[in-house]
Each structure stands twice: as structure tokens, then as C-alpha cells.
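What follows is a set of structures for review.
In the two complexes that follow, chain A is the common piece, with chain B as its partner first and chain C second.
Presenting the complex of A and B:
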């Protein structure tokens, strides 16, 4: 599974990356996490509020640090 | 100083969780011994059932305690008189007179505000789950200036938005055909009329001041945005912004959340916000206390009395480079007010801190040329200045 976290490097974006890493590790999921910080790429996803989460090319979460439950649900854990 | 007991409510609020925790600890400590009651040869499953029972009981006690605390907090809030700086709900018992040991609890405007804040953040977060930046953008698209500015300022308040995403939002709005001035109205209102700021203002100074702040913030965002739009500054937006293609992939992510998701999201928001602001509050209270104790009153009265015409500009100039969480600024504002600083001067200071922050300007520099940023700061700063004078005139 390819997970991208979209955000220009704010505190919540970093927290989101860490959270996804933790959940993936705890559930033993094979996940590659990418940070997308380039404005042009973020906009290309149609995202206007960060952090946002993209899984396998699909925007699944926008505008804030997702809760742990939401991350687990998104990763299908 | 003598404080007679006015209410024991606060003590109940403090000790109810402790009683609950004590009961749970006792129960869990007793757990290993509960096997004794089980006959020898009882199956492993029977033992496990008893363990489960204990766990469930502990959970039930936890839940009941939480509900009790929530009800007590609501009661406390309903009886609290906002805007009075003094101590309320005093519970004072002399314990050992000869040793001067006393039990004393009370609450002031700031600490109760934390109680109220959690409730308000929850409600606002649930309401905001109906809004998104994408939706706001759709509502603003095609709106003319004027009407658009008013709408943008209002939407700035209700849209869930962190100023850290100011840049993607800016690009999204501008490429959707939202006029520059209307976009700026949104970006000014959003951080300024902030739920944490308004709630803390209510706790410290009462609802009149809070309402005045909200109204002036909205008017300021509308007018400043309108004026900036009239100035035709589009050529000072970085050229690449207009060439950007906003993808439509994100549109699919806006599924309608269920009520359960809205509530869980609301609780999560409370956790995040309260967790983030309390260190700022503590630091602010610390600095406030230092000012209260050590800075002589005459110092402030001389430099910042309502009669001093330079007080407001000074406050705005001090506020612009200062980047602080609003939760850290407000205890400070409270302490300064107690020292006799004029309310208008203080509100101007607060607005300058939250609406014109250096980091946000640096972020916006990626899409705005320096000239536009300078004009933006000048226009908004002048607006704040005017608001400060106006309030000093009304309230002074």
C-alpha cells in the first residue's frame, strides 16, 4: 500500500506521518509512506486544507490530523 | 485576607474523580484474591469470568465518575458569572489553626474558562464537520466583491481551517475565480475570530467584550479585504498561481460523515486543542502573575493610559512580530487590564498578534510578492489601529 501525506511540513503533518507509521507497524502492514511537501503536487490532488492523506492515488482524508481510529479504518487494519 | 465559603461545588468537582479512581484501584487490588471464592477444580473459564466481571465493574465506575464530573462542570458553568475577575465558588476550611493549615479552593475567570472551552470546542467542531475548505471555495466562487467579502469573513469563522494551510487554500480560491480581496477577507477572519480566542475573552471579560471582538473582527476582515480588492493588486500575486491546475481528485474524499463520526471528530478536536493550548495558558498565566506582582502600576498608566494617543499604535507594532498562541496572550491581556490598560489598546494588541503573524506572512510569501504583503500588513494594521481607538472611545 502506498500512503502519501500531503502538507507543507506543519506540526500536524508530521504528527500524521508518525501516527500512520505507528499504526502500520502495530498492525504489521506493508505500507510505504511518502511525504508530499511540494505545493504544486498538493494542489494537483485538489487538496486545499492540510494535512491530507492519499492512499493508492486516492484522497481519503483532508484538513487535519486524523484520529487513530480513522487511520486504522483507512489502512483497513 | 478572609474568604468565606460560598460553595462546596468545586471541592466536589475536584474529589469526585479521586473517589472514582480510589474505588477502581481498590477493586483491582482485590482482584487476585477473588479467586479464593472459586471452588477448587473450578474451570479456568470460571476464573476468567470473575476477572471479566471485575474489569467491567471498574469500567462502569469509570464511566459513572466521568458522567458525574461532566454534570458537575455544567452546573459550575451555569452558576458562574462571566466577566468578573474575582474568585468564585470559594470553599474555605481552617484545618489546623495553630499551624495555619487551611483548605482553600476557588475558581477565577480563567480556570473556569477551560471548563467551558472544552464544551464549546466540541460543539463548534461538530458544527464545522458540515463545512470544508472545498465547500467554502464553491460557495465563494463567482461571488462579486462586496457581498463576497461579507460572506468570506463569515465563512472564515465557520470553516475548519488552520492558517498553516493558508497557501493551498489561497491557490484553490484564486484559481476558482474567487476575487483576490474576497480570498483575503477569508484569510483575515479565520485566525482572528477564533473560537478559543472568543471563549477566553468571554471568560475573562464577559460576553459584551467577546461579542464586540467578534463583530469588529468580522467588520475588519470584510472592509480590509474589500479595500485590498479595490487596490487591484493582482499583479503582485506570484504568476505561477494563476497557471496552477487544481486537481479534482480531492472532490471524491468529501463523503458525508455520519453523526457518530462527527461526534468522535468533535471529541478528538477537544483533545487536540486543549492538549495544545494548556502549556501556552500556563506560560501566559506565569508572565501575567509576574506583571501583576512586580511591574509597578504607574509604569503602565504612564505609557498606556487611554489618554496616551501613542498607546494603540505601540500595541499594534509590538503585536505584529510577536507570534504567540492566543491562549498564551489572553492571560497576559487579563493581567495588563488589571493594571489599568485600556481595553481598546489590549484588543488591538491581541488582534495584531493573531491576525498579522510573521510566520504566516512568510508562508504567504510563496504566493504573494513582498509589495502585496506590505500593503496587506499596512491595511489590516490600520484597521486594527482604528478598532483600538474606537473601543477606547466607546469603553473608556
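Presenting the complex of A and C:
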């Protein structure tokens, strides 16, 4: 599973990456996490509100740090 | 393992946004019919506003919801305080298929500091030439009119560029 976190590198973006890493590790999921920090690359996904999460090319979350329950749901954990 | 499972579709890359200096923006908005789109919030606009023939206020906080109000058949120059939020809005319009958009580099701070017309109170840090917090020059000095910048990203034309 490929997960991209879209965001300019703010605290919420970093926290989102950390949370996804923690959930993936705890659940034993094979997840590749990438950070997309360039504004132009972020908006190419049609996203203005960050952080946003893209899973296998699909935008699944926008506009804030997701809860742990939301991340577990997104990862199918 | 299915190769498709390990790959991730990448969206079509957006081209680099066009950047205008205040001089070029003045020419576009005052002489060539471009629409200036101010994406600052209402309180910022109330304190200091662009004095241009045609300005639309569309705050970034409601930009995604309201961007379709903007015309597609004329040039749009996006602006904010320093050019960061408006760059975001510029790219968003490009993503939405707007072909003729540009960003005012440096925003209203650079615009005002160069002596281009504004309405409202200026901060002391860039109030040079202004008086008593009132409006500043209605026209820029001749020295900054026109633009001779050969920086392709600027998009400037003419002589005397400040970019």
C-alpha cells in the first residue's frame, strides 16, 4: 500500500506521518509512506486544505490531522 | 505480488505558476483589463486594499467553494499579503483548468512599498511616502512603470522592472 501525506511540513503534517507509521507498524501492515511537501505537487491532487492523505493514488482525507481511528479505518487495519 | 498493488498513480504535474512583479501587475490590471483577485481575509482587506479598476475579493478560506465565480475568459492576477496564499490559489485555479492566471509576487506589501495605489492604512514599515495613515500615491512613479525584466518567470514587459 502506498500512502502519501500531502502538506508543507507543518506540525500537523509531521504528526500525521508519525501516526500512520505507528498504526502500520502496530498492525503489521506493508505500507510505503511518502511526504509530498511542494505546493505545486500537493495541489496537483486537487487539495488545498492540508494535511491530506492519499492511498494508492486516491485522496482519502483532507484538511487536518486524522484521528487514530480514522487512520486505522483508512489503512483497513 | 501484483505490480499494480505497489504502484501509486501520480496526478498530472502542474506547470510552474506565472509570477508577476507589482509593475507588471499594474500594467495588466490598469491597462490590459486583467482582474485582480485578492485572496486575503475580510479584516485584512478592510485595513488595506488594492486600488485597482477591477478587484474581486475571494478569501482563501472560501476559495475552494467559490472559485467558479471567477471568469475563465480574462486574465486573473492573484494577490495576498506577501504572495504565498495567492500562489496556492493560483495553482488551484490552474488545477481547475484556468489557463490565464498569474501570482503577484510579494503581494500587497511589495505593491504598496513600490508606491502603487492602495486604500487604507499602511503599516509603518512600508508607509514610505504615505502620510497620516491615509491613501498613498494614485499613480506609481515613472521609474517603476513598465518592466524590462528578462526573467522568464516574471512575465514582465517594458522597462524599469523592480523584480
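Quick note on the criterion: the second predicted complex is superposed on the first by the 77 of 77 C-alpha atoms of A that agree within 3 Å, B and C clash if a C-alpha of one lies under 4 Å from a C-alpha of the other, contacts with A are read in each partner's own complex, and residues count from 1 in each chain.
Going forward, contacts are C-beta pairs under 8 Å (C-beta built on N, C-alpha and C of every residue); 3 or more make two chains touch, one makes a residue touch a chain.
Because the structure is predicted, anything quoted here is derived from the model rather than measured.
Asker: Which term applies to chain B and chain C once both are placed on chain A by superposition, clash or fit?
Answerer: By the criteria stated at the top, chain C and chain B clash after superposition.
Asker: Name the contact category of A:52: first (chain B only), second (chain C only), both, or neither.
Answerer: First partner only.
Asker: Per the contact definition in the header, classify A:67: touching chain B only (first), chain C only (second), both, or neither.
Answerer: A:67: touches chain B, not chain C.
Asker: Taking the superposition on A as described, I'd like to know which of chain B and chain C A:4 touches: first, second, both or neither.
Answerer: Second partner only.
Asker: Among the partners chain B and chain C, which is in contact with a greater number of residues of chain A?
Answerer: Answer, by number of touched residues of chain A: B.
Asker: One more residue to check, A:40. First (chain B), second (chain C), both or neither?
Answerer: It touches chain B and chain C both.
Asker: Looking at the overlay, does A:12 come into contact with chain B only (first), chain C only (second), both, or neither?
Answerer: A:12 contacts chain B only, not chain C.
Asker: With the touch criterion stated at the top, can you tell me which chain A residues are shared between the chain B interface and the chain C interface?
Answerer: In the superposed arrangement, which is not itself an observed complex, chain A uses residues 39-40, 43-46, 48-49, 54, 57 for both chain B and chain C.
Asker: Would you tell me which residues of chain C are touching chain A in their complex?
Answerer: Result: residues 5-14, 16-17, 60, 63-64, 87-88, 91-92, 94-95 of chain C touch chain A.
Asker: Using the touch definition from the top, list the residues of chain A that touch chain C in their complex.
Answerer: Of all residues in chain A, those touching chain C are 1-2, 4, 32, 39-41, 43-46, 48-49, 54, 56-57.
Asker: Write out the stretch or stretches of chain B touching chain A in their complex.
Answerer: Within the complex, chain B contacts chain A at residues 132-134, 137, 160-162, 164-165, 167-169, 171-173, 244-254, 264-265, 268, 272, 363, 366.
Asker: Which positions of chain A touch chain B when the two form their complex?
Answerer: Against chain B, the touching part of chain A is residues 7-8, 10-12, 39-40, 42-50, 52, 54, 57-65, 67, 69.
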